[in-house]
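Should a chain be cited, it is by its letter among A, B, C and D, assigned in written order, with residues numbered from 1 in that chain.
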């Protein structure tokens, strides 16, 4: 699997030259679904078949098997199931819709991931810095992963990190993002779909990376001007 | 376990009259942690011991065992472990901090729950109403619960609901809330802790219940006045 | 001035055919600035000069004069000042940057407008529905427009609307949007700029228009499943 | 006028001792309206009359006259108008409701102020850091204050600040808040009123002041754990 964007595009075009009608190409680069739709149309003209496969799971997936969200037609998917069976965890692959839908569903997955992560991260801030100052975060996290409403893979990841350092002091307050959250937020606006927390989760990461925010300075500036606040 | 608030308060006072020094009271009403702190102080004066126990799990917890977050001192907790062992799921109880911390940690849990639910709900809106109109939501949900980053108890609940009705047409777009999300949002402000998505998730529920929003009408009114928009 | 989009594009191309090198075209359709940038490049090849002019003011502007934000080069702007002088209110036009900047600055203006409107609208909800139930909103609005920090054209519009109906009962809680808020939110994400309230103000309008929100139904569905909430 | 809180409370009690039935006390400390309601009840028992007066205007108000939002009964207000006439700008005072309403309306005013400021501040970030890098912010601000929909006192303040330094480089990205935004956000939740941007504007200031955010570090931590992101 390649990173989405130019690398995938050039490989896609190279590979396409080598294929004959009836051949199958599986595009698993977590591409923008608009690119996948375009590629599906492109290969269809040449009689080549294609599946787009959104892949989730990260490092854990590499060990325990991935989740694979596949877009395309049923016959092509059926033909390729041995491939997905080999890569995916148990129960972790399926055809989720027509061409493009694989990457679309993966994109939505990532947007939800951003929102859930933000919900969890804010919760830990309140655990650590509210009325109680010395709560045992690793213990709480382990408990939360047994029988609570919020038990989740992401809390398991939070627990792994807290086991290394209960105060996460080895980390900078600086959060990267991949493109998928932005694609999802853009798609939501294209279709006038309210998408508030998953969009904010993206903006929160932008905030984390802008250590000399003009917006914050402008807020301070306006306060200065009308209130003489130092 | 009783609902938090007046019912719990009156029972608490009744029970307190019957107890002798050294007795133990376990307050498991998912109370506001400020009430728990006050009750801990109250019983301490009388030499009575107390644990506050935040309980999560809902209907599933009733079958599979609850998660119980306990606040209090170590000896009292140790003495009561058989009780928690009987009620909790495997690994699903622990002492999370001093008196009051049980309900505090449960409160934060619920705030995270609100944020995660909002992240998931918005994602389904994008799945159903974006570029693709006929994605198979139950199938996608099952897949998402195998090997993805967002696999979680809440997605399992989403899957149960979608299995009953893939379009959720039997439900009204009207969402209740219990007090804990509000307590958490208030606590965050008291301590100047950014708490954006978990607070918004609460406000989203308020929006869902206000079908003749004055705010929306005021927006329409201002547009009318400056733009002549009908 | 034409509405942005296809109508403007076809007129632009028609007019372009009639122009000779050195002629000037003023594009005042509140177009997407990407379209303006493209048109500037297009006319430049033909030796034709162009200004893009973002126009604000609505119905009041039609009476009192518009505000006009102009993008282009200094000479062309200087040549056209009599035109802007005739249309704009006193002090209400200027060159704000190179080609495309006129519509860019207008786009940002509209995004701020959305955010300010949302701030005001929420405030009126709190005035009307909080602890006090019978506050005199028209009187308060008039007062707020004399000497307060929030005095503004938009509050003047709010006052006009409230003078017609203090409860705004003649309006539906349904808010339209033009494209500019969405363009601004998209541009912010392209440049990784946090743009939270101005983006939310757009999503709030989407929420106002979706009376059977799947997201809200999904929230209710998850609550049902884990809590048995009716 | 005193700062709200303990100082006002102790002065209030001192002054109260010196007053006789029929005397009037004007409480102008921008107090929490709950305190004002309590004080109104307190003085009423003693036959003393009271007005609560929320004051806006800051440094500019000190020169041009304040806006004063008064809560209390009509007769007491009528008796005190010469006082308000002397302090307020032209048109800048009125009775806005019963006892407590003065500070309530001032509190809502401040919440709107926070939201409007955030809308403006984000807009400037997009002006400065988007596709165009060298826009002349002071010029744009002056133009925006002539004839646009967003012309406002706050933009005038933004313009004053930008005239001192077009890049606001003399300011730290660190924004204080007074209590009123928090009181308003709390009041909104008490009454289940959606209050999204005005609440977020408060949280944004908290974010600006937390330079080693645990929430951001937790986001980075979870990314590390599931993705091996450095």
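A few points about this structure:
Assume a residue touches a chain if its C-beta (ideal position, glycine included) is under 8 Å from a C-beta of that chain, and two chains touch if they have at least 3 such contacts.
Here the structure is a predicted model, which means the values were calculated and not measured.
Traced through touching neighbours, the fewest hops from chain A to chain C number 1.
Most remote from chain D, judged by the distance between CA-atom centroids, is A. Superposing the C-alpha atoms of chain A onto those of chain D requires a rotation of 180 degrees, given to the nearest 5. Between C-D and B-C, more C-beta contact pairs are found at C-D.
Mean C-alpha positions place chain B and chain C at a centre distance of 38 Å. Centres computed as Cα averages put chain C at a distance of 25 Å from chain D.
Shared interface positions of chain A, defined as residues touching 2 or more other chains, are 58, 118, 120, 122, 125, 129, 149, 153-154, 193-196, 200, 204, 207, 213, 215, 226. Of all the residues in chain C, the ones that touch chain B in their complex are 58-60, 117-118, 120-122, 124-125, 128-129, 153-154, 157-158, 160-162, 167-168, 171-176, 204-205, 207-208, 211-229.
Contacts from chain B toward chain D in the complex involve residues 149, 182, 185-186, 189, 192-196, 199-200, 202-204, 206-207, 209-210, 213, 215, 226. Touching chain D in their complex are the following residues of chain C: 33, 56-58, 61, 64-67, 69, 88-94, 96-98, 100-101, 104-105, 108-116, 118-120, 122-123, 125-127, 129-132, 134-136, 139-140, 142-154, 184, 187-188, 190-191, 193-198, 200-201, 204.
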